[in-house]
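One chain, subunit A, appears in both complexes that follow, with subunit B as partner in the first and subunit C in the second.
Right, the complex of A and B next:
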């Protein structure tokens, strides 16, 4: 894209993650992009975070181990209550740039059908390919999509099991470029691990994915948890970068959905309903 | 931007076995691949599901498999044959990748985007293809710049980029990859040693390229041609039920061959174009010369898309269907058939598959066995036949190796015993498929149930309903969606009453065996007389086969 496209109001007026807090060192200014716009940020020696687009100071929020800002007027950031539970490990697993729109990235995050093909032997295994029926609905007055009772066969269901079994997932989409998934914790079957993908739309056809985990794990090191998550994301990246077009098509007839894609169908409708044009190809009126 | 002509988009040597070549023509990315049967496919480089490039997919030699979700597209017709996320469903027939015509000549692969085939390119006999030379310049400019250049020994290239000289003849082509991208391709015919000549021409083209690029640098690069992919059909966007029309495909009997005692195999070829995609377990309706409509399962293996292959047994008590095929049909005859329909779909998300065939019931199972073998999934085909000479499709069976177990000439008692052995231990993630004569199917299903196989793991297809149909009841049907009430008198079927009212679902076998005419029951108690629904489905009472089943209650409310 040679010309810089202006974001639509819904996209503009959101908080966006621009860095992992642990990577921001006092007195070392850094720059990144949001909507194609250059953004600089710095933690001054007094410890305060400052974000600027070069002409004005931008709002600052420190949340879920990330620095968040906005080029518009954002409401409150969505809640991930698990992050505050004292016995959890909160890990910023890393930030990865991807040459595709952030919405394509979110849609991939919501998808179970690719597990046996893209995450073979980890999140899925052939021939167990079926995506069973699940529920998806809108909650919080249409501000969030939630998919529940999502079951998918996983070859090593937990660190203690030797055989495969169905694992249950819950997916939340509380933000146009952020999603949180929950799956049963290997450490405590009654509780759920939370894994989040926070998308920073650096451009219409590029984003950085910030991965944040809030899990029950007193065995593995932070590094190991990060490597694992980066390994998974590294498998998704080449697939995402071979999607055409790079922006997410919102015309229902642009691609061929199947029942397994119920969540993404709702996600696309939700984006359409909010008039999202940035990073998408809106349906012709 | 170019004359109506075939355009070369790849060299034949680019299409290595089981490779997918990524090409480009006028801004459109192409996935170009050769199947094991030699057929070259030129497709839109995009999986219809989520837009992932098919050129990063897997060419199995018979199908192209998308890397993202494993969707499979068949050689030649590009129809989607399998969607792994829904292993029990047949993909909607119309999910079909975009394809373009293809010819292969002069060591090059050619295609075009015109509505009709342009005349074939005139090429020298026995030429060799040059190494392609891509360059970032407008194709028209490349063409203009090449005209007039004179490669040594060939003389100047004319306006059509042809040259003839003492060294031989040279044809150059400019592939318009995009508004600002071109590929120079060519064919040379000469008596000179080939390698040295190709090297010399490659050097000539490289120096021409440098000149063209220097010139191109003086003008701004043109905007790439925007790619607007075609929209999928409206019903695909909604993931509909599969429906099928009457027999409207025209095919020719390309081969008729006796493949066992009283069994002929027919190979059916399209009169034009490609045959629609089919999946293992699918059948077609065949309209016979004597006016009858009969269902036959396809024997086809994956990628075997040029012809439909069916097996037909002469039935002594036939109402004329099989006799018409055996006695009057000849090679070269035309037949009307339906598109393939699949009510006997093969799941491939299982760890073990048991196929049980009785007699001619082996036909759909042969197709399944070939697909499972291709996928490397464990299975066994248990084939019950009356005698050695009744074993059909020997070659296909031989390809299954030790995964085939034959049972010859067993009486009903021994058959039941053998089935008990086959089905003795139900395993999780295992599935059973059985097709054969009604008595054997009944025994197999009963044996499976006894051994503890869940109903949902046992799939069956009767090729005929041999039960006596009781049509003595009379009742009322209410059609919820059409808001119509109809009377079904004794002696008539629900289907025929619906057909008269013009609201009938598609139908096929009309004897309660194929499942095509199924309707949803909203209220009322069905009187099931079919052999299609499982016991659990019958007990649930929310589906009915309208061709043979009736009502036990005074009325039925149907979702029609």
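Right, the complex of A and C next:
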């Protein structure tokens, strides 16, 4: 594995999360990786965040409870308007290192078909395995993928669930390694909980998943909300890390999709359209 | 009721939950946010265990830290069959202790690699993996010979002991730290047998013998 492969322009010129803001203590410098490159960051005693790749200062953005930076020239970060709603619980549930490409991580995040098998008793249950027909489209001039009308039977959809229910999902992919899912809130039928997976590609075949929740829950502690999310992600981890190849193949013939994989098909096509090579196996020209 | 200071993703907490489940004991789980909150280093938990290590078990007036101490206690007190920790068999107790010590080694190696890769702990993952493979070599060879002798388990001939439960979690979670079990067929067969022990329970990262069950 060559962790120092250069990223393609589309991947390079994005914002990436590198830490959860709550973990950064003033005057305590820390280091991480982006595209195999060592990145250091620090909140100085005056309270300002500084990020550096060792030779130059990198751009800094504090958003969604994370510190974001870039090795390229990024546009504005995508909007998650729910995060600003005053009655929501915004929780950074943890940043977890995974030994597979970030795009594999995002694809798994978009998949409902694995719920009954991998998240048995929580996000799915046998024999309720059917992924019903749903809708996928590009929006914002092709800058974002959205999947709607996704319905799935879930025994314990969230921290405040008391019984099983058909749960509605919406998935957004506004960034090559970030996705936000929305699901019906057990607390308020008119509103949706938002759960985000922000992927930091530490290498081509490794990433850190920063999990950020913006949910309606006036019952549970932050610790428990984090526990619930880490429990789910902990179940995904061995599945993800056993995927071969570790980079996401973009050739439509490389891995045979089924109807339930519509979002994934669109995601792979979208990555191909933007010329993404980093973390993927591009289709032969 | 028995109270367990617990973190869901900890293999050392899981081995205690495993035995509690197998023995059919009810217990209360007190979640300590080891990650990402590092609450095991907070004053509230240090008052429970000054070493800042999980798990801790409370049963009546007794407070016990150290997962293996807890396994010894629970099996001695609550296992009516006397098979999980056979207190009357000196040789067997010695053997069990020997493998509990190897399980400590797994915490220092396979688990350390997992914390370094998954939770960004400042450990030398490469050195930890090397150490884990040395222990896997010993365990795999031992299990292979046990199978030849007609035994399914690490120590006792006919029944698993707490040594099996102590070694199981960080063997089963090893891939998260980049430690492959591919070259250890006897270990893989043994982990499948552990998953079929009546009362077996899972944790995130460990699947049941039959998916979806």
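Simple rule for what comes next: the second predicted complex is superposed on the first by the 275 of 285 C-alpha atoms of A that agree within 3 Å, B and C clash if a C-alpha of one lies under 4 Å from a C-alpha of the other, contacts with A are read in each partner's own complex, and residues count from 1 in each chain.
Basically, a contact is a pair of C-beta atoms (placed from the backbone, for glycine too) under 8 Å apart; a residue touches a chain by one contact, two chains touch by 3 or more.
Here the structure is a predicted model, which is why all the values come from computation and not from measurement.
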Go through the superposed model and pick first if A:85 touches only subunit B, second if only subunit C, both, or neither.
neither
Contacts for A:243 in the overlay, against subunit B (first) and subunit C (second): which applies, first, second, both or neither?
first
Output check: A:62 vs subunit B and subunit C. Expected answer is one of first, second, both, neither. What do you get?
neither
Looking at A:131, would you say it contacts subunit B, subunit C, both, or neither? Reply first, second, both or neither.
first
Give one of first, second, both or neither to describe whether A:114 is in contact with subunit B, with subunit C, with both, or with none.
first
Tell me which partner A:255 touches in the superposition: subunit B (first), subunit C (second), both or neither.
first
Contacts of subunit A common to subunit B and subunit C in the A-superposed view 116-117, 238, 242
Using the touch definition up top, name the residues of subunit A that touch subunit C in the complex.
20, 22-23, 32, 92-99, 116-117, 120, 126, 208, 222-224, 226-227, 230-235, 237-238, 241-242
Sites on subunit A touched by subunit B in the complex
107, 113-114, 116-118, 127-131, 238-239, 242-245, 249, 251-260
Where on subunit B is subunit A touching in the complex?
29, 45-46, 48-53, 56, 67-70, 83-88, 95, 227, 229, 231-234, 236-239, 347-351, 375, 377, 429
In their complex, what parts of subunit C are in touch with subunit A?
8-9, 31, 33, 35-37, 39, 117-120, 175-176, 178, 203-207, 211-213
